[in-house]
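Provided herewith is a single structure, encoded as structure tokens, for subsequent inquiry.
By letter and in written order, the chains are A, B and C; residue numbering begins at 1 in each of them.
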């Protein structure tokens, strides 16, 4: 198989491609929950309606979307080799993501205890908790991974050569944020 | 016969096998991350479940051979058809396709393993566990009626039959969880295959030089992402309904039974394309070798495969023509369903053109390819019939549909799989299967297949619905069902020849060497079986048929591409 | 028909070519060394066998669309007979709202003639899971789905008994949820309607056993599920029994309607149709005898 010397033969990084594949699959799952939500808008037979009980979660959204910026800065810092800056930005990402989760928890507490809305109450309850809950689950998984990365980074174990891997993780986090944009629009804007 | 001459750097004799303690061997297989071993485990697993699913089918055919039979109770029959369908799709067809993909893709693109070997192992083991979980249902928790609590809601588990109130106990949950876990495994393997193909091709193998098998597995993997996920989502919703009191499919609370159908078929239809695309892959590799000609129209074949992948995501509601969707929706889905026949037809015509002007050798792999070509053609045409909504209003949910899809799955997919077994067995084991037994297998199976599935169309045309544990004598379906049942005997006999051949050849088959079929893709350049690292030196390629170039230095493919 | 014809022609042409190629180009011993000419493709051929199938698909699609619109999108004439069909596990409930008739399992409809069309319009839904109404010789099937109303029409011109059955798996006894449609001449149909509109037989003409049976029936749990018009029995979970004796079959077409079968059914439905939702009533022999005698009077 003697060959003329080819110019550099570089194929994409496996981690990125794999993560993109995962994102495609997860997007399809979310899409089905979104479709169910939209399909059932206005169809509840009883119980509280979105307009009655939902408020725009502005603060939580700002925190979550900002965390995309911080994680991007963390990756950029690592590309340049500034591991301390990377650690800082990762910590910021974890913090902002956690705040988002807290705001969701508070919102749910209010809905359940004050408004009497649970997953069993009506179609709105069913589709709301499942969609927002599925997203929140993905936030939790992302936060676990980011916390691990932050922890390793604190101990100086994250270096320049890991930048592609961190970028792969950040892709997942950007996906989680993008899903929130969709959920926010469908549930809090269109659905009310 | 092989005409390859030794190529330095690649040609190697495999080392002498030393006998090792059995426990070491078991440990090695349990902990392996090697794509070849995982591929083989997937395949053997699928073969075992093929026999289990076949036994379930045989029991059903005995029950239906005469009207008002009492061979099994209605409860057991309903479990049988549910388990048969679920087993065959999720624990035979998917694993066997992932198994062959696992084994062949790295070898054919000149790589040493898959992109994520540990994910590979995880995906296999979770799928394997899922199959065992499904069958544990026969033993676990006492169901309401009869044998254990195997699911009895049909493989498509329509709501609201699956609601807690209509399906108490845990039988439906075994179905849901087993299929859910196998879905996780499927997404993992598809992710692996796609990443491997995109990121690990050997030097010089541009996408336009990949074997068509790689293209088809790439499209299949992409399809898996968008097709398994809707089912996963729907199953999460179903389980929430059953245990958290949600109302996704709860018609009493305003929920919709039709929504489950949409979600299921958004999965269910592309799923069958997930299964047929690898079958096309096998045909694409085998037919040219046994026609001694390059595949005709490689770019068109790629385009058609990608086209089929895309269009298949838009046809799902042809399973719902009788649900009352309205004329506009029905019309759209008729159109999409008929359109998919265009790229499919293109593939058939290209295979025909490959054979045309060639030199056809009727070894066993080619026999099964020929069977595939005729049978897939017929299956596609009955599919066009069913795709015409008014036709479907009569024939939907009848034995005509059962005949149609078994024609595709058995007559198409299974025949292509048999071809793949006979073709690549020498590479996997280093030995040739028996041609005599292969021909016995082929002819017995062809006779049995046609007896069963040709005649099965007729009760459908006469009004027999599916999923019935018995029928009235006055409807005139008895004789046809008897013939259908007799065909099962021939198929079982053919299958027996096949299994015997697999085992016999392992010990007594003629040694195969690197390249027993005088083929042209990279897997034939290495030893049979390949060493753990696949290639001594990773190859560089200049065309779609690197071994053709080596064997015909005066007329290489690279001059024409 | 067009679809059938086109697919048949496609099959004959393609299979014919395939067979020809396999025979004509089979390997012969004398050419074991040479490889045939390697042809990699041809753009013109690819285009032609893309365009021609597209044209065929468009033709079939247009023909199909015409039938779809002709079936699903046509207006209902005023002379139509309206029937509400409710699917249950494992029987069929029929209500004729304008005629005041309620019955089960055996559907009676008038035949139609082109001069005075009287098609039957079915408005259908389910009380539990999804079913499907399929009488092949009358029409294609339409699913019967809870929380959804589907409509279809049938328009027979020949009197007779048309058989069918549920065509969507609905549970254990899906196979025995049979359909019996009696298409009758207008005169016969009118007579049937008249009879069905009468309340249940109350005068048993001296048949003391039947009279006792009525009393026992009305004291038992039977009335929770079954309705007998003009009595305290107003249950709707099971079939209406007002004119049970006028039907040829019981258990949704699965069992011949005679005294012996009826008695066995009431004693233990699961012995005859395992999985049927009617529980064994655990009546003693005497009660079984008298109730059976009563029900056989309900013409």
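Here is the rule we go by: a residue touches a chain if its C-beta (ideal position, glycine included) is under 8 Å from a C-beta of that chain, and two chains touch if they have at least 3 such contacts.
What you see is a predicted model, and the numbers here were worked out from it, not measured in a lab.
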**Message:** So with touch defined the way it is at the top, what topology do the chains form here? Options are line, ring, star, complete, other.
**Reply:** line
**Message:** My parser should flag the chain pair with the most contacts; which pair should that be?
**Reply:** B-C
**Complete:** Distance in whole angstrom between the CA centres of subunit A and subunit B is 35
**Fill in**
Chain centres from averaged Cα atoms put subunit A and subunit C apart, in whole Å, by 50
**Message:** Where in subunit C do residues touch at least two different other chains?
**Reply:** none
**Per-residue overlap in subunit B, given as positions that touch at least 2 other chains** = 254-256
**Request:** Sort out for me which residues of subunit B touch subunit A in the complex.
**Result:** 7, 10, 115-116, 187, 190-192, 194-195, 198-201, 203-204, 221-222, 224-230, 232-234, 236-237, 240, 244-248, 253-256, 259, 263, 266, 539-542, 546, 550
**Asked** Which residues, counting only subunit B, touch subunit C once they are in their complex?
**Response** 73-75, 78, 145, 152-154, 158, 160-161, 166, 251-252, 254-258, 291-294, 296-300, 322-324, 326-327, 330-331, 334-335, 338-339, 341-342, 345-346, 348-349, 352-353, 355-362, 370, 373-374, 377-378, 381-382, 384-385, 388-394, 396-398, 462-463, 465-472, 474-475, 552, 555, 557, 560-561
**Item:** subunit B-facing residues of subunit A, complex
**Value:** 1, 3, 6, 9, 11-14, 17-18, 21-22, 24-33, 36, 39-40, 43-45, 119-120, 122-123, 125-127, 129-130, 134
**Request:** Using the touch rule from the top, collect the residues of subunit C that touch subunit B in their complex.
**Result:** 3-4, 7, 10-11, 14-15, 17-18, 21-22, 25-27, 31, 35-42, 45-46, 49-50, 53-54, 57, 60-61, 64-65, 67-69, 71-73, 89, 128-130, 132, 134, 136-137, 139-143, 145-148, 150-151, 163-176, 178, 274-275
